[in-house]
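Next come two complexes built around chain A: one with chain B, the other with chain C.
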Partner chain A sequence: MNRLHLVFARPWIWSFIAAVIVWFATVLVTGGAGALGLSHAALTFAAFSVIVGLGQMFVITLGPGNIDLSVPATMTLAGTVALKLMDVQDGMIIAGLVIAILLGIAIGIGNYALIKLLRIPPIIATLSMSFIVQSTAIWANRGLRIKPPDMLASFTTSSFLGIPNIAIVAVLLSLAAWVLLERTIYGRWISAIGQSIFAARMTGIPVDGTRLVTYTLCAVLAAVCGYLLASFSGGAALNMGAEYLLMSIAVVVIGGTAVAGGDSNIPGIWGASLFMFLVVSMLNTYGFGAGVRLILTGLIILAVILAAGGRKVVR
Partner chain B sequence: MTIGKMLLASAAIACVFGPAAALADTSGKKIALSNNYAGNSWRQAMLTSWDKITKEAVAKGVVAAADPFTTAENQATEQAAQIQNMIVQGYDAIVVNAASPTALNGAIKEACDAGITVVSFDGIVTEPCAWRIAVDFKGMGESQIEYLAKKMPQGGNLLEIRGLAGVSVDDNIHAGIVAGVEKNPQFKIVGSVNGDWAQDVAQRAVAGILPSLPDVAAVVTQGGDGYGAAQAFAAAKRPTPTIIMGNREDELVWWKQQKDASNYETMSVSIAPGVSTLAFWVAQQILDGKEVKKDLTVPFLRIDQDNLEANLKTTQKGGVANVEYSLEDAQKVIASAD
Partner chain C sequence: MADAMSAQTIVAARGIKIQFGAVKALDGADLEIRQGECIGLVGHNGAGKSTIVNVINGGLTPHAGDLVYGSGQGHGIALARQNGVRCVFQELSLCSNLTVGENARIMNRNLGGWNWRRRALALVRNKLDEIFPGHGIDCGSTVGDLSIAQRQMVEIAISFTDAETPARLVILDEPTSSLDSGLAAQLMAYVRRFAAGGGAVLLISHILGEILSTSNRIVVMKDGKVVADRPTSAFTTRSLVETMGSVVKDRQRSTRQHTGERRLSLPARKGEGLAFEAFGGEIVGFAGLGGHGQTQALLDLYLSENGNWLPNRSPVAFVAGDRGLNGIFPLWSILRNLSIASLGALSKRTLVDDGREAELGEYWKKKIEIRTPDTGNFILSLSGGNQQKVLFARALATSASIVLMDDPMRGVDVGTKQEVYEILRSEAASGRTFVWYSTEMDEIELCDRVYVFRDGVIVAELAGDEITEEKVLASSFAGGEH
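Up next, the complex of A and B:
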């Protein structure tokens, strides 16, 4: 009983419970026939949300007001430029990844430069940055879809031992993020900054350096996600990142990371990402119209957050 | 110089300037394009077509200027402000692809009151003083079912991929599909998802609903979502149904591959982004003093099994199948409305 209590005290458990319930509700309709297919699809598409969610989580951990709205534009630009550079040649796959990461670094540094040098709040700074980045993406190739190199396309769309390669990549990135958060001094620093930026400064934590690294990390993860998503879906499109703005924030919040900062949660992002994909599949399967579907999605998300947030009311 | 030579020379001059003289009425006129969104390949092609045709027209002196403006945020308020700026700048005509059918009516009325000709297309406005070049989206949805009824008279299960929820275009195409299914009850819509006219969103939505669906005979779409649907069916290792395409190059390339490999048959229908150039010529004709009905209809651009290769050849890599309209095309559209 006591042990069960401990499990339920973890905020991330709720997103997993929700995901499992929704999974059952969907499979029930099909009489168990689509169980494997649904799980496979859920893992594939959740992986993209996880990758952008991880970056957004680090930023949100920095405390109130910290958020990165340039995620969709970064994904679009990285996907567009990388695919254009690779130009369907297998030999250029690494070069494409490198250019995506470099773009991420540049955008991250740009974001923090706006925040720090011009003293603009992050929400405005990253929004303005996203206009610049999106326009650059439009200018870069006028919205034309270039196909990914064959090797990369087949890597992103195939599976290893039944698990989608994309999900494996996302797990590896999550593990790296977990080590970074729980086992390095950097992880301690961002939690400290998120709990009180003033106290963090007093204790001699390099606040600006840490925040710069965090915004850069978020942009790099978004860029990598854009690179993978463009390769997965057969080409970059100018609106390909649009879904991932709210998604990146939603998975962090549903996953049990404190919106007020200072307390992050990596397993929760997985639960929330699976849940977000499954809930849309469930409502589609039940045949609800778009209006009802959106309302129900909102209500279900609220319910999960309330269930997970019970702990925080006490604090 | 002999009389004969002089006659010849004046005849030559008359030949050169003759055709231009008929259009001279608009040579001093300025036309502006007010566009609400540029963030996808269709809109990019639309702007490119506008650029190409209007530059030629300006160079030939048909009009004095034809400047395109696009708002940053796809917001009706922002576009209303943009139109007010155009009034102040003294344009003679405004061609508009509107963010909302009603929210711009105030600004459009102001423009009309200032004596400006307003022509809306694609995203049309309800303000009565403006011209509307509308797309028969309902007919477009219905034509998909009609095609399927001919191809598979025995009928079957349909998966419907809809566009962006809450946009009138989505409702209209959907209404057409529903009307088509009512007329052909051998078809049954077994699933419906929103693909937001984007490849990756459609792929994600279809992948999510596929495990719960029985055999699907055909997928009806709204354009920009066919390739994503094909990818999702392939990933789920299900047989490829007849997927109606939406004229995007990647869709046409995929279709061509399937056609060569397994004699796959489908059709593709959408609106050519070059419709912006049709709106330009209509505005020019109105400025020229021609009688033009307020409501005009744009023809679809439909691609079938036999003209697939020809269309693929003229479609830019990664773009959308397109046609640019000429003055004669515009005159035909105007005449057919009478």
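Up next, the complex of A and C:
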């Protein structure tokens, strides 16, 4: 009883419950056929949301007002430039990844420079940055659709023991993020900053340095996600990041991370990402039109947040 | 004769008692204010000056005692206003988005009807001209555009205007704190004229020269009681300071001389007054009236030693006084709150070692007796005093050789205080330096050396036997200058 209570006190459990319910609701309609395919697709597409969601989570942990809206533009630019650099050659795969990461670092530093030097609120600073980045991506792309190197394309689209490779990458990144958040000094620092920036400063935490690292981390994860997504979908498109703006924030919030900052968790991002994909699949299966689908998606998200809300967890 | 006397009384407070929790803010205070009087009200921090002002203007309801206005017994803001009681607060209380004239309308309810703006403007402008001739304030501008001194002048002028009831008693709480000496002299001259014309003024000021030259009666408060109520001619600056202070108590004074090297220093603040320095193994006190720049000096000391970009190896730790503002992390457990400043020493390759963290928690829980069954509990499950102990432990657990303390004993019970004093003494003996801002005289007397602050500047340095309440008070209150 007590143990059960403890499990239900976890803020992330609700996103998993919701995901499982929606999975069953979808599979029931199709009569069990396609259960495997649905799960496989859910894992693949959830993985992309998880990778950007992780970065956004670190930023949101920093406290009220902290958010990174440059995620979609970063994904687009990283995907575009990396594919252009690799130019379908298998030997350039690592170089492409490196250039994506370097772009992420540059964008993250740029974001925090705007926030700090020009004293612009993060929501405006990262939005302005995203216009610059998106324009650069348009200039770099010039309407060309370059295919990814074959090896990379087959890696991102194939599976290992039935589990999509992309999902495995996302799990590994999640584990690393979990260690970072729960076990390291850096994790303590961002949580402290999110609770009280003044108190954090007065305990000797280098607040600006920590925030810079966090914004950079978020941009790097978005860039890596863009690199993988462009390879997965056979080329970079200028609108490839668009849906990840709201997605990256939604998966963090539905996953039970405190929007006010200071209190985050990583399992919830997985539950929420699976849930977000499954809801759309379910509504498609039921044959709803686009308008009804959007309204229902909104209502379901609200219901999950309400169910998970109002619970405060000890540690 | 007795009838004539009571007819002149504007307000009489007798045996007023007010308690905030366990703190007795007023403990049977008496104060009677008659027409034609200017009363100076003085006392140390927490003596009850502001509390009795708030009782008279109707903001606080006394828990015991009588309050009689000209029109009869009772209390409340409306009744006080009816009887012509006005108050100028230390914290300016004008609406900064309205013009000067519009602010006058807020105070004067009957300034309604057609063209009220023009009449309000004329009213406040005339009063400003009367009190501060040549003030140069544009009464059509919004208050937010005025300087702090100009705002103070406007607020004073509005309080002296005749509204639905004429102003009979005006309470001025530190009115000259933001005025220069010329404006202050104009105000004091007006206060004397106002009293001579049959009004009454209650003047609170830490500039004793003002009190002595302007008022005709002085009321001294201490510990929620009125300890002296005599004509001004019976006081001198010296006797006033002595009356505010307490009888010299026996105490064991530390005879330690600092032996360590110089650890910390700060040049004279604002280019005035004395410079600050602290040596190894010393307890340095920051004294003076509350809010005279002590906290800012501590913050400056701390921030100058702690970088904002790279991990710090700073030798300075900070103990917050305002726990909610810059001390506690409310979502965390006691243990996490305690260990946050020492994580560097508790981790290997930036991974925090849970075992060593728990050990640290247990050690400090025993050492300063944090009253909790488990340091894994929420920090907010502790009482205020125990939260404060956690903040002490946070600072003491670091390897910092200098600990800054921002009046950390506010709201801490006596038993806890004694425990912490003991720890401070032993830590200082083992070579740590403490810089301690306190508003409590008992704590200032525990220090080896004391800097007294006034208006953001260090005005005096006292050491050893010089650290007495009288000397601290004498330096906290400006003498005759201004």
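The rule we apply is simple: the second predicted complex is superposed on the first by the 311 of 315 C-alpha atoms of A that agree within 3 Å, B and C clash if a C-alpha of one lies under 4 Å from a C-alpha of the other, contacts with A are read in each partner's own complex, and residues count from 1 in each chain.
By definition in this document, contacts are C-beta pairs under 8 Å (C-beta built on N, C-alpha and C of every residue); 3 or more make two chains touch, one makes a residue touch a chain.
Bear in mind the structure is a predicted one, so any value in this text is a computation, not a measurement.
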First, second, both or neither for A:V29, with chain B first and chain C second: first
Contact breadth on chain A, by residue count: chain C or chain B: B
First (chain B), second (chain C), both or neither touched by A:G209: second
Chain B versus chain C as contact partner of A:R10, first or second or both or neither: neither
Touch list for chain C against partner chain A, complex: 299, 302-303, 306-312, 314, 317-318, 320, 325-333, 336, 340-341, 343-344, 347, 350-352, 376-378, 394, 398
For the chain A and chain C complex, residues of the former touching the latter: 179, 183-186, 188, 191-192, 195-196, 198-209, 212, 258, 262-263, 314-315
Chain B-touching residues of chain A, taken from the complex the two chains share: 26-27, 29-30, 33-38, 41-42, 44-45, 131, 134, 138, 141-147, 157, 229, 232-235, 237-240, 242-243, 277-278, 280-281, 284-285, 287, 289-291, 294
Partner chain A, residues of chain B touching it in the complex: 38-41, 43-45, 48, 72, 162, 165-166, 191-194, 196, 198-201, 203-205, 207-212, 227-228, 231, 235-236, 248-250, 316-319
